[in-house]
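Please read the structure below before turning to the comments.
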Amino acid sequence: MSTTCDPEVKVIYREPETLSGTSMRYCPGCTHGIAHRLVAEAVEELGLGDRTIALASVGCSVFAYEYFGLDSIQVSHGRAPAVATGVKRTRPENIVFSYQGDGDLASIGMSEVIHAAGRAENITVVFINNGVFGMTQGQMAPTTLLGMKTTTTPRGRDAEANGLPMQICELLATLPGVAYLARETMISPRHVRAAKKSIKKAFEAQVACAGFSLVELVSTCPTWWGKSPMEAAEWLEQEMLPQYPLGVFKDWTEGQK
Amino acid sequence: MSTTCDPEVKVIYREPETLSGTSMRYCPGCTHGIAHRLVAEAVEELGLGDRTIALASVGCSVFAYEYFGLDSIQVSHGRAPAVATGVKRTRPENIVFSYQGDGDLASIGMSEVIHAAGRAENITVVFINNGVFGMTQGQMAPTTLLGMKTTTTPRGRDAEANGLPMQICELLATLPGVAYLARETMISPRHVRAAKKSIKKAFEAQVACAGFSLVELVSTCPTWWGKSPMEAAEWLEQEMLPQYPLGVFKDWTEGQK
Amino acid sequence: MRKEVFMAGTGGQGVLLIGQLLTEAASQDGLEVSYFPIYSAEVRGGSTTCTVVISDDAVGSPISGRPATMLLMDQISVDAHLCRLKDGGLAVVNSSLVHTVDRKDIEVISIDAMEKAIEIGSERIGNMVMLGAYVQAAEAVSLGALEKALKIVLPERHHKLLPMNMTALEAGAELARQARG
Amino acid sequence: MRKEVFMAGTGGQGVLLIGQLLTEAASQDGLEVSYFPIYSAEVRGGSTTCTVVISDDAVGSPISGRPATMLLMDQISVDAHLCRLKDGGLAVVNSSLVHTVDRKDIEVISIDAMEKAIEIGSERIGNMVMLGAYVQAAEAVSLGALEKALKIVLPERHHKLLPMNMTALEAGAELARQARG
Amino acid sequence: MIRLTVREDRCKACGLCIGHCPKKNLRPSAAMNEAGYHPVEQVDPKECTGCGICAVMCPDVCFTIEKVTLVGERKEVKQ
Amino acid sequence: MIRLTVREDRCKACGLCIGHCPKKNLRPSAAMNEAGYHPVEQVDPKECTGCGICAVMCPDVCFTIEKVTLVGERKEVKQ
Amino acid sequence: MSERTLIKGNEAAAWGAIAGGCRQFFGYPITPQNQIPEFMAEHLIEVGGTYLQAESELAAINMVYGAAATGARVMTSSSGPGISLMQEGLSYMVGARLPCVIINIQRGGPGLGNIGPSQADYFMATRGAGHGDGSGLTFAPYSVQELHDWTMKAFEIAERYRTPVTILGDGILGQMQEPCRLAPWDKSPTPLGEPTKRFDWAVGGSRKGRERRIINSLHINLDALEENNHILFDAYAEAARNEVVWDEYGHEEPDLLLCAYGICARVCETVTEWAAESGLKLRLLRPVSLYPFPTAPLQEWASRVKRIVTVELSMGQLVQDVRLAVEGRCPVDLVSRTGGCFLTPEEVLEKVKELSQ
Amino acid sequence: MSERTLIKGNEAAAWGAIAGGCRQFFGYPITPQNQIPEFMAEHLIEVGGTYLQAESELAAINMVYGAAATGARVMTSSSGPGISLMQEGLSYMVGARLPCVIINIQRGGPGLGNIGPSQADYFMATRGAGHGDGSGLTFAPYSVQELHDWTMKAFEIAERYRTPVTILGDGILGQMQEPCRLAPWDKSPTPLGEPTKRFDWAVGGSRKGRERRIINSLHINLDALEENNHILFDAYAEAARNEVVWDEYGHEEPDLLLCAYGICARVCETVTEWAAESGLKLRLLRPVSLYPFPTAPLQEWASRVKRIVTVELSMGQLVQDVRLAVEGRCPVDLVSRTGGCFLTPEEVLEKVKELSQ
């Protein structure tokens, strides 16, 4: 019987190795950081770190190629699903995901995401819906709520003048090429855990060659919403979620069960 | 009581004045011609001839600006809904419609049509789905059926290699900005009449400023299908309609009734 | 040596096929050659034309503003293009469909190609009769090369038609010989 | 006459505001002037700088590689930018946050702006103290013009703060006078 | 009486009118138009009901269809 | 024992961990990091349950959380 | 002398546009020009105009095409990547002979590059408008006042020649503030009257009493397209007679001529002054119109100076036009930086001094 | 001497691509180059490659970007309007230093224009790749054989300089048929081996045992972007030393030098011969590499001839490079047509005769 006190250390949480360890340039409390972490954790837990390629789109997350500890490609604004297609069709053994904002995906990149989904392209998209163009200083996004003030809707978004909020999951759900589709958020530990589960499922769909997968993450932009991170989370719950209800829109494994 | 034989002439059919009278360059039996006529009739019957602007897109119907007896704009490939937006926002008193093929609208022009619909743009789109790029000599369109041979799917369209057929009405139906949405065809007198009714309703939606309207016309391309016009119609009914079921997907007046 | 021929007809008359045959034959003869079809924006109808330039040296321009020889399948083609034939040039015309040729400063060889074609067995090989006449009159390529070319250009499944095509080519050549007297 | 000033500080220190004030004041004095902020890719944090060039003639370059004068709000700014100050130039530094100035060939005016600001009533008008000192030392614009400029640049709802700001400007000028002795 | 005219220069002999005429009253004519097609003609003008189906199906807007009534006749009929 | 470390250089004092810690055991420290923020610190390390919620909510991956057991002790307990 | 307002270059441009009768704006945000759409979003509504944020630059230029087809005064603004995406649309505008105004506030490229100032879209602005022959006209302001004035004026020029007009700025010009005399706005939504009456080609309104009109760039007949292109180039030739603008500054008998536009011309003015202090005689020739290019004055100076030094923020684009004008009459050098880096007067002076030895 | 096959220019180019190791093709149909994608759709599968019809040219060039990032030999093809749409993507490829091959079979422009042959995308091909500094390299074949050969070779050049390479053809070259010696195909899907081993920058495969790699055109640090641009231009300078290709034809002591590329060079060969018959001594200098441009030989001839006549199908684009090379050493004229119209040898000869008087 030993009386030495060799400490046994069990890690409850540590940074995933699929992150590069570089500190991130996001504003304080911006959920981009959580989303990055979840993606990195999912990739690591699925053992895909050695063969996953990250695509950083144009938006606040443009530097994602610095943050992920993965082979990475920075791509042009909105075209990530096309680039991902080019990568995946050339290197089907790799896991390819794009990380895109709502300006990137739902505004300029609408065509590319729909066609990639329509082709049942075996790629995964992480879609950050924060209702605003963060990087360019808070202009309206297609996802901006009606009435919401942005730098290009100084009087609040008006349906007639500026169009209606675009619901990406609802739109993509109609396409048979989509294997996994879910909308999540990250405003509480419970939501974060659900988001991670969906992100994992999305990658699993790709591993199984089941088709296109996308997880929309309803996110905060404390800076351009003019709110503290905690306030932003509350506002998100009250204002964003009614327009962007959470849920799993498509799950290819459901049919299998 | 007169016994002179002054003939009383009642017109059962004559060419609408909203057509220019120029003969059309389509292949024999191509339903583009019927579609043009229906649009022209609808515009005339609604009394809109003096204030309607036609947008000719790029495809076999590129010369539509010659055929319609209307102010017309020839526009770049796929971008007609954006051009229509520019016109309508500047001249809201005008009626604006675009006439687009499935290569134009469902391939390169996907983003523009979705965003115009998403903005509830007050324009009308006539969408000719013939499952093929007619003008450029019969390449695959997003609407090409699985198994169908085209010049770029010489072994027949394969889901994995070439993606899945794109159903535009099903996709657009999810957007709240859409006021009227229907899929019709022109393979028999009955169908032609139904198509015309839908086209009229689409224009009526615009007149009422109800939002975006689109009529998809499942059409024949006898030339690239390698069929006679009558055979093409039959093939359309048997092969195309199961993938592209006819029907009214949205009708803003239904809520009103 | 640079030999230019401009061929024209209406869609379905097989002008592009004989243009390609001539080109392939020249290639088989070890000559340099280029074939340039005018493609039209419209899918159907309208005139089809091609220019073939044969040379024992590099071809140079595959285009010719005023070609030295022409092969014209119908009146529309004659009306549209004959004015561009080089002064003193050679025109081989299909007299079954051409009634008037307005230029005097050129050599015209009229071939009743349709009649001969029907005689041989099919209206559809009028183009071959014309080509046979043309290569004879213009001394463009050998009949042997044309035979090799036929085997290459015609899809395998049509090879049973080779004899009839050769007959048409030879008959055309004979008509040209007769026409020149 | 061409007067260049380069101002630097950290976000929140109000460098851009005093840059604009100086610019507006010069404009009010009937001078030509340009104001050029360096904008950063990141939304937040990092240093903020601006260059103001004043001239009685057309301004010419709004950029200066080696500006003749500088207004520096903290040590980071001194470390990053002072090396670019023209030889023999003038640096007005906020001694509340600047402890070492390594150049000997220049005139340095140290202003304990924070202390003075707190004395006047608010930490947040340290930038005004600095500007007052600067315009005095550099003879850039008149205090009267600065007063007019304040009214234009400050949003209406902050006009109640005008007197305090003027006090800070004047206090800064006084400190500069004292520093020069 | 139904007066049906076909703009022969426009007809491309696609056969859609022929295929859909309920009276089987249309056929390609022997003539050839400029474009090289045999334009459609009526088999027997009197057979035509003026149903308009040919016009409905024609992609090239070739048809004009009129109902011609001799006014005098009609009046007599009415009385 | 729970060993919780905060990478102070990364913390942006956003407050999300503070707001969500079920033990209300986190707070901004008095120190200031290079970026000018007051990084988070634990109020009382012993209070920490190692629930990991702070790590779950932190956008800047500041937390490392470990459960440290002295092996010897454990063995004794087991016997 | 009206009052001066301290204003950002981007905002002054937007202001000038509204003063110039612009009532339609379609654009997509991109740094460093965001204050233009933001200004338009705020103010166009006040004069009965339309601001619409397009879903992309591709959509924006096609919306511009639609509005221009109706004869409206319409504008878009962007920076390099966005202007690249507009190339096809611009080619259509050129082909269909539609007037419009495009502002390009250049940033560092290629690719995503950075948001530093740049002049490396010069080729795209002067030889661009995508595929095919023909480009629009291009003007390069060099101060906030000129950004305002030229944007205002651009609409008129665009209409006169039926062509897109590009205002070529850069990240510094767009972001800097200077006092500016702002022109007044007419509050009417159509300050110039019914467009279909002003232009015999504009579509829209009621067609009663006039022939239908067609806007088109397709000419399937080869000769017709050639003719159309000659009409375009006749218009450019006309513009080359009437719209060439340049400015000169500095010594009357210079040793060296500097050639620079936009922000670099500002730098060169200072360089010219400083050089004089050290006895170096410089003169600056500043092209204001880049297309048409001030060829004649450059040629004249080329025969009189020892050397011409082109100063620009690119690997050498303006310098091509200078060399084309000079045709070997004197050596032409290039002083430049690239990739969003800017030149300071000190740097330029030093390099010019080296070159003058 | 291997056998000759009569084949269309477009098909020969596609054949050459596969022979050159191209295994990925992403494109969108457009006349007059449709035989390229159609050939690829038919045959790439036979060598284990991927053909994918993109939804647009924008998507196509970005798919190319993705495939190129993995170090694959990848190609796209299009014509003017499509190439315009690729300008942003090309700029990203240039910035990220990704090799790829682009074929542009030029058609009449601007706008939708027509499908006649054209050389009016010369500016876009030589000064293009959208915004910012840097373009790719560009080569202009003038026969079916050369279309085949240069397309094959282009992949190697693209990799050597880490840059997009454009093969610039036109509607005639693409559509015409000539006997051609076709190179054999390797049937392997990766004929050159594992790309991530061949290149130290390519992403993909297994990352085990190597550092992660990043493909990127963003350099928020201004100096870093400037450095990147210098690397690009160093590569172009290197290419200017190694890859300048031109051809000469005709009289050894010419009175006039013709300068033409592609289809116009073919026409000029005949013109040169015909001219000799009438005693006019002509020589043709045919640039094969357009960027890098054969400046040196042109300069040499410029001092020896009375005049240079540039022959091209545009309003004057190649002629700018000729003038830039010649620098006034002799007059430079332009004989050209535009809008899809082509020049015949007769026309050119007549105009050259006029100019020679």
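Per-chain numbering from 1; labels A, B, C, D, E, F, G and H assigned in written order.
What we mean here is this: contacts are C-beta pairs under 8 Å (C-beta built on N, C-alpha and C of every residue); 3 or more make two chains touch, one makes a residue touch a chain.
Treat the numbers as computed from the prediction; the structure is a model and nothing was measured.
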Listed by label, which chains are in contact with chain E and with chain G? B
If I rank C-H and A-F by number of C-beta contact pairs, which comes first? A-F
Suppose each chain is reduced to the average of its Cα coordinates; what separation in Å results between chain A and chain B? 37
Averaged-CA centre spacing for the pair chain D and chain B, given as whole angstrom: 65
So, what's the distance in Å between the C-alpha centres of chain G and chain F? 56
Hunt down the residues of chain D that sit against at least two other chains at once, touch-wise. 41
Multi-chain contact residues (two or more partners), chain G: 31, 52, 55-56, 58, 81, 88, 92, 96, 111-112, 114-115, 217-218, 220
Multi-chain contacts in chain B: which residues touch at least two other chains? 27-28, 62, 74, 76, 107-108, 110-111, 115, 135, 137, 142, 162
Mind listing the chain B positions that touch chain H in their complex? 58, 62, 74, 76-78, 103, 107-108, 110, 133, 135-137, 139-140, 142, 151-155, 161-162
Would you mind writing out the residues of chain A in touch with chain H in their complex? 20, 49-51, 53, 62-63, 65-66, 69-76, 79, 82-91, 93-94, 111-112, 115
Touching residues of chain H toward chain B in the complex: what are they? 28-31, 34, 37-38, 41-42, 45, 51-53, 55-57, 81, 111-112
Chain G residues within the chain B interface of the complex: 23-24, 26, 50, 52, 54-56, 58-60, 62-70, 72, 74, 88-89, 92, 96, 203-208, 212-218
Could you please specify the touching residues of chain A with respect to chain F in the complex? 1-15, 19, 23-24, 26-34, 37, 188-189, 192-193, 222, 228-230, 233
